[in-house]
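Below, chain A partners chain B and then partners chain C, in two separate complexes.
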Partner chain A sequence: MTDTALVSAPPADRARTGRLVVTVAVGLVGLALLLAPFLFQDVRAGQVAARICIFIVLVASYDLLIGYTGIVSFAHTMFFGLGAYGTAIALKNIGPSWGAIALGGSAGVAVAIVLAALIGVLSLRVKAIFFAMVTLAAASVMLVLASQLSAITNGEDGLVYSIPKLLSPATPLLTDADGKVLKVFGVSMNGRIAAYYFVFFACLGLFWLMTRIVRSPLGTVLQAIRENELRAEAIGYRVVAYRTAVFVIAATIAALAGILWAVWLRYTGPDTTLSFAIMIDILLMVVIGGMGTMAGAVIGVVLMSLAQFYLKDLMAAAAAATAPVPLLPHLLEPDRWLLWLGLLFILLVYFFPSGIAGTLMKKDAH
Partner chain B sequence: MKTGMTLERLGGVNLLPIALMIVALPLIGSFSSWATLTVAGLAMGMMIFLMASGLSLVFGLMDVLNFGHSAFISFGAFIAATVLAALAAWMRADSVTLNFLALFAAIGAAALFGLVAGWFFERVIVRPVYRDHLRQILITIGALIIAEQLLLAIWGGSPLPVARPAILEGSIILGDVAIEVYRIFAFFLGLTVFVALYLTLNRTRIGLLIRAGVENREMVESLGFRIDRLFIAVFMAGSALAAMGGAMWAGYQGLISASLGGELLVLVFIVVIIGGLGSIEGSLLGALMVGLMGNYVAFIFPKLALASNMLLMLAILLWRPWGLRPAITH
Partner chain C sequence: MTTPSIETRNLTIRFGGHAAVNDVTCAFRPGQLTVIVGPNGAGKTTYFNLISGQLTPTAGSILKDGRDIAALSPSARAKAGIGRAFQLTNLFPKLSVLENVRLAVQARHRLGPRLLRAAGSFGVLRDEAMRHLEATRLAEVAHMPAAALPHGDQRKLEVALLLAMEPDIFMFDEPTAGMSVDEAPVILELIAAIKQDCSKTILLVEHKMDVVRALADRIVVLHNGELVADGEPDDVIALPIVREIYLGVPAGEEAA
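Showing the complex of A and B:
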């Protein structure tokens, strides 16, 4: 270890440059998100910015499991959905108040914690692969429940509700002398801004919390478990307890992200919270960005979100250009973008298993 | 203690499906509905067994969990549907031979696809990531995404109707119990496959090697057997069985969509977990339990059908964390 570090100084240099690049990239993303309402003023870009904030938290919390501890779970959208549905049901039935968000949100988080602890204690003690299967089964049951218990969840259609007055677009935050909504740099100071910054700062707080967790003694133990479970157990760490703990922590953070998602969208349905498409998105984001690095979550989410919006345009153009060829236009249709992403995903797992951030920072493959 | 031993002698956990049938009878109330549901459950269980057995063996032999397994199921279903549509004239013909020829052509096409795709899958997708569970799961999921997208690109997003051969249409009426012919056929096909698998595993040299490999791979390798060749054969056979299961499922459902593989994968996982990894007896047991449970609960509490299987799995995991009949006892 020391030898290689001494002999091969250039790679160390490269790693330092890589770390700098990653840090700068994350810093730029943070800055862009902070100023998003002013930088990108159309509605769709605003949506993308908020989605990126929330998914950074969601993906980073998933990275706690898959990257830092080596646990593969498919139930992350289940916890995300629990937070979102808890909030949505409370807002729908109690009315648009902060109390409803607090009540519904904490109910959602509480259910997530109980479920995570149950699943963890039950199945983390057997093989890791069992765990993947059990969580997949649990998540699919939750999806079915959400679409079938339509009295509470309104089934496939999902719930539409209003949010507290402060956050809704019609509320003026600042008014000018005429009593109209004040514009700062051309941006109306209405409730939409408040909602965005509510989401942004909550996500920032959660993300900061996670960077603290991975650097804490707990984070070190988790990485030890990932590297060598038997040795960690032999040193005296109770592997099952630690795994269950991190599973509960990740579930809690996912549920909190779900609350923010529900508040921002003012709509909660199976497709926006619980579907497997979202679970696949999370997986792709973690792997593309880099497992086992918090910066990877940021990079993965930003790249995937941009690709989701712009790759489709590119593919539409390509499909039109290749129209006379059989089958090829079908493969290039914008709806088939996941096909190419799946291919990219496999190649990444083969050749760059540590993802973009991990490869730049020269972390080990494992 | 004494009753426990008697139960063990009578078959132990193998009695669970029968116990489930007996418990369900008073809950359902009417004998004719119970009989119909039981036959449906057994037929469904047999089809799921086809899909699950390969996955279970592949996992037991090489510690490979293939999330892409559902791709074989859905491709099998769609290929069978296409073949059946192409042979529509034979299907409607008044000849038993032509009917069965069409049916076996469809199932055979699906199985052939499974063999070839299984070979490709093992070589290209799974082989580079042996013994690395995390990357294995990720890569097979990537393959699953691609397979699903290809399915959509080839057959389009709208549901595909599946024709059944004339001979398997309709029902047999016994007293006041109506039993669909297709279900009987599915049950016996599954049973035949099970018997064939059982005999291969327990009466042939290859089977002996496979069982030995499941129990202790290193030992078999050190005795000079090429377990990787054995494994690719098992992988191909498992994929072909999954595609066959998908083909049968297509006929059972009558209308198939691209999401079918994903939905069945959850059931298949539940079966494999309940049954215990690596054993086909376990897979059969698990599949029958899941099939029966699904049908009974869908009748008694329609909204809880899938959740019931989940609860069944939880209960069994609590009772026996390694499944009912694992290949290796820990």
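Showing the complex of A and C:
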């Protein structure tokens, strides 16, 4: 089997180059994340790297819904929060042990699965807009519950807790002859490194799993449902069952990402897990990266996170550099970073209508 | 006489006060190719939609091998052996031609929990899909997105999807509509080949009289949602009511 019919056509060539660019970019991001503790040694960079890992999983799992199957849900942070809160509550009440993470995490995942299955079975039959509203309502209820059940969740303040000793910053992993923490390339081999690699490899595993799912026969059926629901039903696929299945899978992965987030932050509150600001971040990341492409999740998350964390610094530097010029320093004032972020989004959406990865890899030029 | 493979009894669907299909009782037998004719708006496509499950009847029953299937979903009817090609091209536009057909093959296979294997690596699925693409002369364009095909090829892909379902009941809704003169024979030969297999039942909505004469074992005439004639092709075509409603020749003016 060859695709000779396409080889000579220029659009196919362009798509091939695009795929190469995207693959290289994703590879570089993977490499940078693998070496992040050594490449970027300040505390903030470590936070950004771990957040990128976890959000890649979260955004990719959301893309299973919106990009691959065409399901619009606003409840993704709810599932993320369930995993995080399950873990946090167990760590707070049982103490910092792996058993607590396993118990609380699986409880969170179990609740996420049950809720996703219920929402799926009860409302995936209705029109997309009604389904989106149902998920919005469910997510709002969960947010209110987290704020109001103070006895368990500590309300708006959230939960602060310890994590297992192996992952704590105070734990030396390797020591030198004097019994001090060993430094490798200037990086202390303490529990923080262990925590980062715990997050990194867990995220890598989950991301790999999703890339397999979308290429599997199930993935093709999901895309068929997105493309033409009626025909998918007519050739023998139970569309509601498939939609419910992918909704449950995405919810499970989001809850697992929530566990990692809770362990990494050592804090879980409404603002870090359940808030609609995070839901909007997820949506923007999916759109910027490119819906229906796993690589898009990686690119969208990295660009958006870097902008969110470093645009202010960049602007401060730019404002200082342009100090003698009239007007420019005022425009580049760090406080105006949201203006520039907004402008950046508009340009990205204009030049990459299918998202960065989606536009670069687009097959047909028709 | 063989027992009917698909049968409708007093089948009716009303949209508001309008009965689009009204009290149609008709049985179809294996090995028989029935052409359904009638003017636009006669209810031919609606009748198909009722049998394949896109619409739910207001009254009446639909029997597949004697079992009432009127309450089943379209996917359950597809699994029960009712296959349908659509009048308006109804494909998965962004997926490749091969993926389109492979989906229809895959729906018949129980793949089990092999979630993590690449869809393209299932040799059985690919080989079967390619066989249907070769039959419809689409193997050359297997890797093109369906949306990029010319209209005639999209019509062929529509038929390839139906073949890949390997149903007992084949329902074609104007399969050659909009096809060029040299493309249509491919589809007509395929339909003739299916007819050779005496276990298959074929229902065909078609306007072109030469096609009707060449293929039909029987003609059923629908008019305003009602079954007005049913019989041997020559007899039905000769009926005055058919000439009037279908050919637009008012009764009594034939001699003119």
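One rule holds in what follows: the second predicted complex is superposed on the first by the 312 of 366 C-alpha atoms of A that agree within 3 Å, B and C clash if a C-alpha of one lies under 4 Å from a C-alpha of the other, contacts with A are read in each partner's own complex, and residues count from 1 in each chain.
The criterion applied here is as follows: contacts are C-beta pairs under 8 Å (C-beta built on N, C-alpha and C of every residue); 3 or more make two chains touch, one makes a residue touch a chain.
Here the structure is a predicted model, which means the values were calculated and not measured.
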item	value
Touching partner for A:I346 - first (chain B), second (chain C), both, neither	first
Which superposed partner A:A102 touches (first chain B, second chain C, both, neither)	neither
First (chain B), second (chain C), both or neither touched by A:V184	neither
Contacts of A:V72 with chain B and chain C, given as first, second, both or neither	first
Partner chain(s) touched by A:A234 [first = chain B, second = chain C, both, neither]	second
Contacts of A:I280 with chain B and chain C, given as first, second, both or neither	first
First, second, both or neither for A:T220, with chain B first and chain C second	second
Interfacial residue positions of chain B with respect to chain A in the complex	59, 65, 125, 128-129, 133-135, 137-139, 141-143, 145-146, 148-150, 152-154, 262-263, 265-266, 269-270, 272-273, 303, 306-307, 309-310, 313-314, 317-318, 321-322
For the chain A and chain C complex, residues of the former touching the latter	1, 3, 5-6, 209, 212-213, 215-221, 223-224, 227-228, 230-239, 363-364, 366
Residues of chain A defined as touching chain B within the complex	66, 70, 72, 122-123, 125-126, 128-130, 132-134, 136-138, 140-141, 144-145, 148-149, 276, 280, 283, 287, 327, 330-331, 333, 335-336, 338-339, 341-343, 345-346, 349-350, 353
Of all residues in chain C, those that touch chain A in their complex	52-54, 73-76, 78-79, 84, 86, 90-95, 99, 102-104, 106-108, 111, 114-120, 122, 125-126, 130, 140-145, 147-148, 161, 164-165
